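Mind looking over this structure? Questions follow.
Here the chain labels run A, B, C, D, E and F in written order, and each chain numbers its own residues starting at 1.
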Amino acid sequence: MRILIINPNSSLDMTRAIQKAARRFAGDSLAVDCAATPGAPPFIETYEDQLKAAPGMIRLLRENEASHDGFVIACHCDPNLDALKEITAKPVVGIGEASMKLATLLGHRFAVLSASAHSIPNKEALIRKYHLQDLGFVIAPSKGARGGLEEKLLRTARSAVAEKGAEVLVLGCAGWAGLDRRLQKALKAPVLDGVVCALIMVTGLVRCGLSTSKIGRYNPLPG
Amino acid sequence: MRILIINPNSSLDMTRAIQKAARRFAGDSLAVDCAATPGAPPFIETYEDQLKAAPGMIRLLRENEASHDGFVIACHCDPNLDALKEITAKPVVGIGEASMKLATLLGHRFAVLSASAHSIPNKEALIRKYHLQDLGFVIAPSKGARGGLEEKLLRTARSAVAEKGAEVLVLGCAGWAGLDRRLQKALKAPVLDGVVCALIMVTGLVRCGLSTSKIGRYNPLPG
Amino acid sequence: MRILIINPNSSLDMTRAIQKAARRFAGDSLAVDCAATPGAPPFIETYEDQLKAAPGMIRLLRENEASHDGFVIACHCDPNLDALKEITAKPVVGIGEASMKLATLLGHRFAVLSASAHSIPNKEALIRKYHLQDLGFVIAPSKGARGGLEEKLLRTARSAVAEKGAEVLVLGCAGWAGLDRRLQKALKAPVLDGVVCALIMVTGLVRCGLSTSKIGRYNPLPG
Amino acid sequence: MRILIINPNSSLDMTRAIQKAARRFAGDSLAVDCAATPGAPPFIETYEDQLKAAPGMIRLLRENEASHDGFVIACHCDPNLDALKEITAKPVVGIGEASMKLATLLGHRFAVLSASAHSIPNKEALIRKYHLQDLGFVIAPSKGARGGLEEKLLRTARSAVAEKGAEVLVLGCAGWAGLDRRLQKALKAPVLDGVVCALIMVTGLVRCGLSTSKIGRYNPLPG
Amino acid sequence: MRILIINPNSSLDMTRAIQKAARRFAGDSLAVDCAATPGAPPFIETYEDQLKAAPGMIRLLRENEASHDGFVIACHCDPNLDALKEITAKPVVGIGEASMKLATLLGHRFAVLSASAHSIPNKEALIRKYHLQDLGFVIAPSKGARGGLEEKLLRTARSAVAEKGAEVLVLGCAGWAGLDRRLQKALKAPVLDGVVCALIMVTGLVRCGLSTSKIGRYNPLPG
Amino acid sequence: MRILIINPNSSLDMTRAIQKAARRFAGDSLAVDCAATPGAPPFIETYEDQLKAAPGMIRLLRENEASHDGFVIACHCDPNLDALKEITAKPVVGIGEASMKLATLLGHRFAVLSASAHSIPNKEALIRKYHLQDLGFVIAPSKGARGGLEEKLLRTARSAVAEKGAEVLVLGCAGWAGLDRRLQKALKAPVLDGVVCALIMVTGLVRCGLSTSKIGRYNPLPG
């Protein structure tokens, strides 16, 4: 089985971080490639960024459709996921959708950890899109929070657990490989990395001959 | 006041039909331009079509941002609406959002008339996005239905009213200018054309100095 | 076009404030009258107040039905709106419904500013009635808050934005004409005055020959 | 214990029918009075009818507040219930609210039987108001249905059970005393009469010293 | 009429406390028995505890089915309620369901008082099960809170009212007989004891010949 | 990795069918055992059946906790899933939860195929429990339907797709191994077998060191 992880941005650093997480998951049983998106912005923060990434993502999908069995979109806002599900008959999984839905199996309420408050409403809109608004929420370090990213996320996660009833944490960024295990150890609560969750889903789907339904919403050929 | 209607596809026929509806609304009090989107597909049917329309739509918006006071996206699936709301500080209104939300003021339940069953799930996803799933639904002529478009839509609308409790009808396509008045006469129920509804909203917003909030979700500059 | 704004209470001061906001909106293109409700309480605070206003409101509507093209109910709790929509074939718009629904076009989450905590649950019930409970909330100055009304509302609005994710503010009272512009300037976020929002809607509806559906819920004649 | 049932209309026939159902429930342990509403329409079908009934209902409540321990509003659309809950410190129960909420204890899904299609949307709005939209629905005999009321309702109830998954039936009118037992026998499913359900609730509340909260929504004195 | 209250745990102290509350409600008009569940844990705190109580609860039900007219399950997590509703044709009422649904008749928002934070998510899951998630919430004393149970619950209830908009309080444990009246006096807001609420419901149902529908969900015999 | 599939009933035939599906999934990379539940009914149809299965299921879990890495509950009503998630620190996945949540990744709306109408409301209650009520529904062959099980399910699935907008099918019984592939071929739409879906999830969780959160809802030790 061969999976392509599409990193919707053009950052090679983040692509390497994602690949690292993917390789750790894959072991020997699975070939996983990770590609940065040509022509995309270095970081996906806005709705416009998502659209700018679209042509390159579609190109990556089409060029690798024959050689790969399944696809992962490795940005937590699941950019252009509906379109990619529609274009190919092979399974496509977004890390936002995979991680948040898997989180609902593991506890009563999940919290998505976001790096900054800016992306809270966008991530909330995604939660609504997947009908998860009663099951999870988004949280970010407060504006003037001190310390490094990991320290700030840990404090944020602690407050999500203690004050807002979170039982499962979801990393809100594709590039935080390894952070899931360290936070999980500190919090004694499951911490989900989206790339890993999407790989669980997509490899399972490929293995079982399952893919996106072409009956209606994701049927590319109207008629 | 000068409004730009962006037709997300490249069809000149549909652009003219939209312009006709817009001019009838505008009268002498308002300058309304309607532009087809360069580089877009001739018709927006799929998620990929929406993405293909994005670069041209963003270009149209940026080139006309200084000269126009507000913008309408004239395709009932509201393609790329979040991005356009984010990019400009001036008001942007999608005809899907405007018509379905206005419909909720006029009756207990609305039905969106769709030309074909193919777009029902996509339009349902849009209804969910706007949190209107308890207030309206989508309906299309059955597959083998005979007759011209208008005849088929009229029969579909009658069944939506008689069997499914629709009290307000919403045209699910931007290019059906004039159909609203004829159907309304035949049905004795309000029939909303999205272009007209969006113009009501956008001209009202411009007149009152209101526009998209830049506090969070539609703020183009993270920070 | 001639619009009648029905102020459901009997306060002439508030009627004048509403008329002021309406005139500023109307300019020369529109005749707007504003009438206090005979027999109504001086201020609508309770459910009983709403019922006491009903006979006068219905009389105002019936007496002015021939001479006016559309009607606005200018109290943010939309008293007796269902009945007025039912009685007349001409469009009737409540300022609560109009402002909260328009707010959803402008940002991710809205906050209704209420003068006192007493009306929070009643306003929340209205939000539920319109199926907006996932999109907005109500907030009021805390009980012992110091300062004038404007100062208190500004502080309350700031907290709604900073702590509760509000991106759009809605004035929760019809009599705060002018406050919208001043708060908007201070907050750099859209602030909606319900009277203005209702006028946008009702004038648009009249212009396009649209009105309340008489198919079912608002049909005065059972059959 | 002495309960007053307020029949919101002025029909003496219906008042007698309601009283009959109430007396059968009350037995010897309870004094139940039933009063028609002075000045109200003979039948409550429209939103305007509800408002016309308000002054008489409020008068009945105030005149009997000292002499009675609890109040029932005996019309299935629960007219002016919020106001009456607000006005008095004694318990007030609407037959719509009581019967639909009790129905949710007895089965997976309830159906409200309505005499005519006209009131379906209004009753649906009530179901929404009580947040029961996922638990029940409204159904009425089709327009040209033949037979007497009881026969038509029985057929309608059968179809609600067989085709739409109803497990509990709720009579949608206060004046159908006795019909509950006959339908229940024919259907072998619980059939709820609202007057009876409201009496269960209100007598229980009185017995236990419970009543409407005056903390917020139903507090008549703002401050 | 004879009612059996099944206390799902094996604690005789709690059984006596429940019986005390029941007897006060019953007066002379009603025979109420209360039985501890043989083989059950002394306190129901976990999902496993609920399952351990099941065989004894079913046995109690079956042994007393002929001699009693209705049944109450007296633990606020409503353990095994679906099964007991299914097994017998006589009415079975859970104190969680009865108290939370009755609470919605008495005010805008209810708060369930829980002894410890541990049971908050389980009680929230129950609120969701009954579709009450928009109408109420669960709250518990903070972890290090000082004072006796009653003092802590009173402080918790005060904060639920003042900061979270609760208007009605629900005791989250069957064994707090008498606490409802004392808290109600202190809070000047309705405080519901589940045992009392369930008795209101079950005696009303018995009196009116109503019981669980055997049409579908609670039909013990498939086919 | 070694997984235990707990078949909650005592049928050896069904246990073998489940094992067959599991072995096909597992290949050489995974040890999967499947055990029937001692003391359980031969088939789980009622709520009482679920409770009767509980002691045996808990025993199976405890006896195999050390030797196995993860657990699957192989009955589509997910009997006693909350308790098993609570008891062990290792991952436990129910086939109902896994299949319905995975279905939401593959299409706009899913339909659960049920063998008989009797279990529709129980399965609907499960859909509600997982907050999936807007995304899927349950359907069964009509009562008098002719033909073998497979033929009836195929016809039912076709009607779910054509008339109710299903895009993904979910087998509503653990014992239909192999049917997924045959129906999928006939329908040209994804058909999910719950055992397979649960194995995808549980093996992924084990592989990544993830399991049920012990923060709150599934914490066996209160405090």
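A few points about this structure:
The rule is simple: contacts are C-beta pairs under 8 Å (C-beta built on N, C-alpha and C of every residue); 3 or more make two chains touch, one makes a residue touch a chain.
What you are looking at is a predicted structure, and each value in this text was computed from that prediction instead of being measured.
Contact with chain B and chain C alike is made by A, D.
Between chain C and chain E, the least number of touch steps comes to 1.
Centroids built from CA atoms put chain E at 51 Å from chain B.
Inter-chain spacing, taken between the CA centroids of chain A and chain C, is 42 Å.
Mean C-alpha position of chain D lies 26 Å from that of chain E.
Listed for chain B are residues 108, 120-121, 125, 128, 131, 134, 165, 167, 216-218, each touching two or more other chains. Shown here, the protein chains touch in an arrangement that is not a line, ring, star or fully connected set.
Which chains touch which is summed up as A-B, A-C, A-E, A-F, B-C, B-D, B-F, C-D, C-E, D-E, D-F, E-F.
Interface residues of chain B, counted against chain F in their complex, comprise 120-121, 124-125, 128, 133.
On chain C, the positions that touch chain A within their shared complex are 108-109, 134, 165, 167.
For chain B in complex with chain C, the residues that touch the partner chain are 25, 29, 91, 93, 97-98, 101-102, 104-108, 130-132, 134-135, 161, 165-168, 181, 184, 188-190, 192, 196-197, 199-201, 203-205, 207-218.
Chain contact summary for the complex, chain C toward chain D: residues 45-48, 50-51, 54-55, 58, 80, 82-83, 85-87, 116-122, 125, 128-129, 131, 216-220, 222-223.
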